[in-house]
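I've put the structures underneath this note.
Two complexes follow with chain A in common, the first pairing it with chain B and the second with chain C.
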Partner chain A sequence: MLLQRFLIRLLTMAITLFGVAVVVFVVIRVAPGDPIAMMLPPGASDADIARLRALYGLDKTIVQQFFIWLGGVVRGDFGTSISLRQDVLGLVFNRLPATLELATVALLMAVAIGGSAAILGARERGTAVEAGIDIASGTALSIPDFLWGLVLILLFGVLIPVFDISGRVSPQLDLPFVTQFYLVESMLRLRFDLTWDLLKHMLMPAVALALPLAAIIAQLLKQSLKEVLDLDYVVLARVKGFSETQVILREALKNAALPTLTLVGVQFTFLIGGTVIVERLFSYEGLGNMAIDAVINRDLPLIQGIVLVFALLFVLINLAVDMMYALLNPRLRHG
Partner chain B sequence: MSAACLDIRSLSAVLPNGQRVLRSVSLSVQPGEVRALVGESGAGKTMIGKAVLGVLPPSVRIAEGDMLLEGEDLGQLQPKARRTLIGARTALIPQDPLTALNPSRRIGPQMTDRLVRILGWSDERADNRIRQLLDEVQIRDPERVLKSYPHELSGGMRQRVLIAAAFAAEPRLIVADEPTTALDVTVQKQILRLIAQLQRDHGTAILFVTHDLGVVAKISQRVSVLYAGKVVEEAETAALFAAPQHPYTRALMAATPRYTDPLASLRPVDDAVLAGLAAEIAAADQAWRRPHG
Partner chain C sequence: MDDARIARRGVGPRLWLAGGWLLLALLAAILAPLVAPQDPLAQDLMLERLPPFWLDGTEPGYWLGTDSLGRDLLSRLIFGGRIAFIVAFAAAIAACLVGSVLGLIAGYFGGWADRIISRIVDIWMAFPPVLFAILLVAVLGTGLSSVIIAIAVIDWTRFCRVIRAEAMGQSRMDYVENARIAGYGRIGIMLREVLPNVVPSIVALLSLEMGIAVIVEAILSFVNLSISTDDPTWGGIIAEGRLSIHQAWWVLVFPLITLILTVLSFSQFGEALKARFDPVLR
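Entry: the complex of A and B
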């Protein structure tokens, strides 16, 4: 029964990814702009252009191209980047860890900020504190992540320059890393000086990405906490002598978090989408930054590879959310 | 005379629009006594219980009156001290066992948390105590029940669990808010008998809220009749049934020929009685408004 559900799930994921691959493949080929024309100097002959086309397989029909590409993907070969002349998979995996670390830090920030605001607002419901939280979250939500990025650059990069606003790590530092998960590895190696440097670089892009999500969490979790706080079992806990804070943390939070969790999952995929522009703003060397270069250069294999990896991430996040939901909800666990 | 277990003196509660939901309610519960509070739905019975336990909804404000728990004036205490006192000396048997247990926590910790976290008992002592109480409410497989989530138990089982938890810390006062109303008719009698049994064994005072005069007759020594937030009559239970004084009480009794008749409560109270009640309440509000309005 459980295995069956798992297999169905796996099949849906595969179909989703296939759909994404088809759509991207077609759209970037139909959109204007020729990668070959951008590679060659202005005076190149028609013969040169034709030769390069054939080299990258662009002389075949879209359907033929797709199945050639798909055949490669199935074997783990995502092709060669036209602009960087390197293996696409290698490029993507080289950049992915930076984006994952940034997105994870942003998510943790959003949960911490939004969660605390929700708990405080629920505890102080009906007071000026709650009203203040509503105003703050309304503001945070009405400004998109890349505008927060600009605001932060102006504030802390230009007016009060206390944080690094560019790059992933200070260039003069010697990096002992063997993986691209710099943040994780710096902590494992107990090189907290490097951890600190990485975090200082990450802080502003992460805050820019986190603020809108924090606001959503604050609003949604607060609302659902307030609903739970009127329920009978919460009243009973108050009669037992528990304080309002204890009541929220012990009785209400877990149940109130369930409806919030699904939405946070969806919003987290938006956050990852947001890394594309925010990484660019802060010259952060992640996958999103590379995606913009790939689009500018009409680097078709690289765009395909990056989009597919993003799609895979989204699908995995949805899966993780479903599993956490089941884990938190005893009814589903035993049903 | 020793202090009453609970003494409510002229308690009024108002809604934000100024309307009174409790109208100068006075009532006391003596140590070890079962005091019934009877009235139709919406009369304010739950509100009185919540006022005593300090869990009124935020929109309801206490406008006058005192509540003394074993001689201690609850209104004079700091919030934390009041909360702790209520947690230590009182307990609630709620109306609906389906919503009164946290769906995401196992039964065991929900039963012991007050003993351990508020009263400071050791885990082992609390566990032993809870098992003893589960035995008293005739739960034969405590192991399974303690490990269960609420949705895995029937309504009757959950109410037994809640009753056991209420008696576990030997509270002086239990507020039982229509503890059988949400249950199947067949289970109602068992649960009522259980509460009566545990009440006798433990000598706990109970403020027993019900809309059912049949239940009043079975379980209580004294009774207050509530209408629209006002106590219209109070008497020894036997005396009330022998010679009801207030027309409303007589009307309620006439409308409840046998407590097993499910349609009884649907029979309307006489128009003349209602008109008399309306006048009585208007006069009370008039008198109250002069100093308070």
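Entry: the complex of A and C
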């Protein structure tokens, strides 16, 4: 049952990724605007255009081009970046860790902030505290990450300048890292001075990304907790003399968490999508920031590679959430 | 639930506050040439980085100060509202039409139509939306219509997913079965019976989508990919403000407040409208 579900998901995943590849490819090539003209500076000669066209295989039909490109992708060859003159896959892998670290820190913050707010709101249900949490989460949810980023830049970059508002790490620092997972590696090397510097750069973009998700978690988890708190077994725990906080943490939480978990998975992909502009805002050297440069520089192979990697990340997260849900949900586990 | 109780639940004041701000901003945008105190494009290096009116060193007529080229910030915000509202209405309505039609078809007819449409939605959901928007505008070429098309092409899935789920729920209801027995055709039932019941959701989403469109337009102008660079846009002003943040904070603060109020208003307005038109709540 579980295996069958897994295989069906893998198949739809492959179809989705194939679809993404087709859409990116078609959007770039069929829409008005010659990709070669996009690559060359204005005023390039006809001979230059023809030469470049042949070099990138653009003299073939679109279908042929697509399958040549797809054949390369399947072998791990995403082509060569036009603006940076490097292997696309190498460039992507170089930047992906920065984005993954930012997104993971943001996710942890969202779960911590949203989870605490939900538990507090459920404990203080029907009071002014709950009303306050509702208003705060409603506001946090309505304002997108781009605007939160700007608010944070103003508050903690200018008004009270405590955090860095630009870059991933202070440029004057000597970095001993061999991987691109700076945050993880700084902790493994016990270089907590570097960890602190990285966090000081990462904190504000992470909060900007985390706030809308924290709001969703707060709202949904609080709702589920309130429903569970009226059930018999919770009432029993209360009768046994557990305090309300203990009741929530020990009894209610594990049964109320399942709907939130599913939602957090989908929302995490939105959060990763948000890194594109938030990285730009904070000049954070991640994949999203590179993606915007790639679009501005008309770097077709790089754009295709980045979009495909983002799509792969999204479908993998959805797959992981789906599998986790199946494992945790007793009805599906035994069905 | 009667109207009085809805009003007590706070829908009334929210609707008025949100609607009031949107009306004010919309009127200012429509009447921009009449109400803007200065020419939004006029540069004057003698007047560069004037602070807002309550600080020292201001000039009369430059209420919110000027940017690093000496252009009046308030006038630029008012004129920027024109682009914001045009994009908000046009892009949201286009996304709504495409998404609602496909959502109704998928949800009501089910079967192959649903499978194909849902697969396309899945593919769309696997794109990072902001990157998709930037890519589309880069490909289509900057300009107002490109921005509108890009937003509609990306965000129709928001309508499609919700309307599909609602139409699916509605199509299982007794009244739809009754209409079928009464001899109405499938398309007739879809338009006469199912559509009116999903209208509250469409209206709420439409208002929400207008706020999103305003943000996407601001993001596109922020990365310099929206309309021509001459006309003031809220995102363009924000991009300038981000650069001169240590010299002239007001160039970032005022467009940011404008954007936040507008986005909050659109989402509040949508929720209030939904509560008001929802047949179940009413």
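Following the convention adopted for this analysis, the second predicted complex is superposed on the first by the 312 of 335 C-alpha atoms of A that agree within 3 Å, B and C clash if a C-alpha of one lies under 4 Å from a C-alpha of the other, contacts with A are read in each partner's own complex, and residues count from 1 in each chain.
Heads up, the rule we're going with is that contacts are C-beta pairs under 8 Å (C-beta built on N, C-alpha and C of every residue); 3 or more make two chains touch, one makes a residue touch a chain.
Note that this is a predicted model, so its numbers are computed, not measured.
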### Query
Fit or clash for chain B plus chain C once both are placed on chain A?
fit
### Query
Looking at the overlay, does A:Leu173 come into contact with chain B only (first), chain C only (second), both, or neither?
neither
### Dominant contact partner of chain A by residue count, chain C or chain B
C
### Query
Which partner does A:Leu327 reach: the first (chain B), the second (chain C), both, or neither?
neither
### Task
Scan A:Ile143 for contacts with chain B and chain C and give back first, second, both or neither.
second
### Query
Where does A:Glu251 make contact in the superposed view: on chain B (first), on chain C (second), on both, or on neither?
first
### Query
Does the superposition put A:Tyr233 against chain B (first), chain C (second), both, or neither?
first
### Message
Output check: A:Ala14 vs chain B and chain C. Expected answer is one of first, second, both, neither. What do you get?
### Response
neither
### Summary
In degrees, rounded to a multiple of 10, the angle chain B-chain A-chain C between CA centres equals 90
### Query
Just chain B (first), just chain C (second), both, or neither: which does A:Gly274 touch?
second
### Task
Determine, under the contact definition given at the top, whether A:Gly241 touches first (chain B), second (chain C), both, or neither.
first
### Task
Quick one: minimum Cα-Cα distance, chain B versus chain C, in the superposed arrangement, integer Å.
16
### Contact residues of chain A, present in both the chain B and the chain C interface
none
### Residues of chain C touching chain A in the complex
119-120, 122-123, 125-132, 134-136, 138-141, 211-212, 215, 218-219, 222-225, 238, 242, 245-246, 249, 252-253, 256, 259-260, 263-264, 267-268
### Query
For chain A, which residues are in contact with chain B within the complex?
125-126, 230-233, 235-243, 246, 250-251, 254-255, 328-331, 334
### Message
Under the stated contact criterion, what part of chain A meets chain C in this complex?
### Response
12, 15-17, 19-20, 23-24, 27-28, 31-33, 139, 142-144, 146-147, 150-151, 153-154, 157-158, 269, 272-277, 280-281, 288, 291-292, 295-296, 298, 303, 306-307, 310-311, 314-315
### Message
If we count contacts the way the header does, which residues on chain B are in touch with chain A in the complex?
### Response
50, 53-55, 57-58, 80, 83-84, 86-88, 90-92, 94-96, 99-105, 113-114, 117-118, 149, 151-152
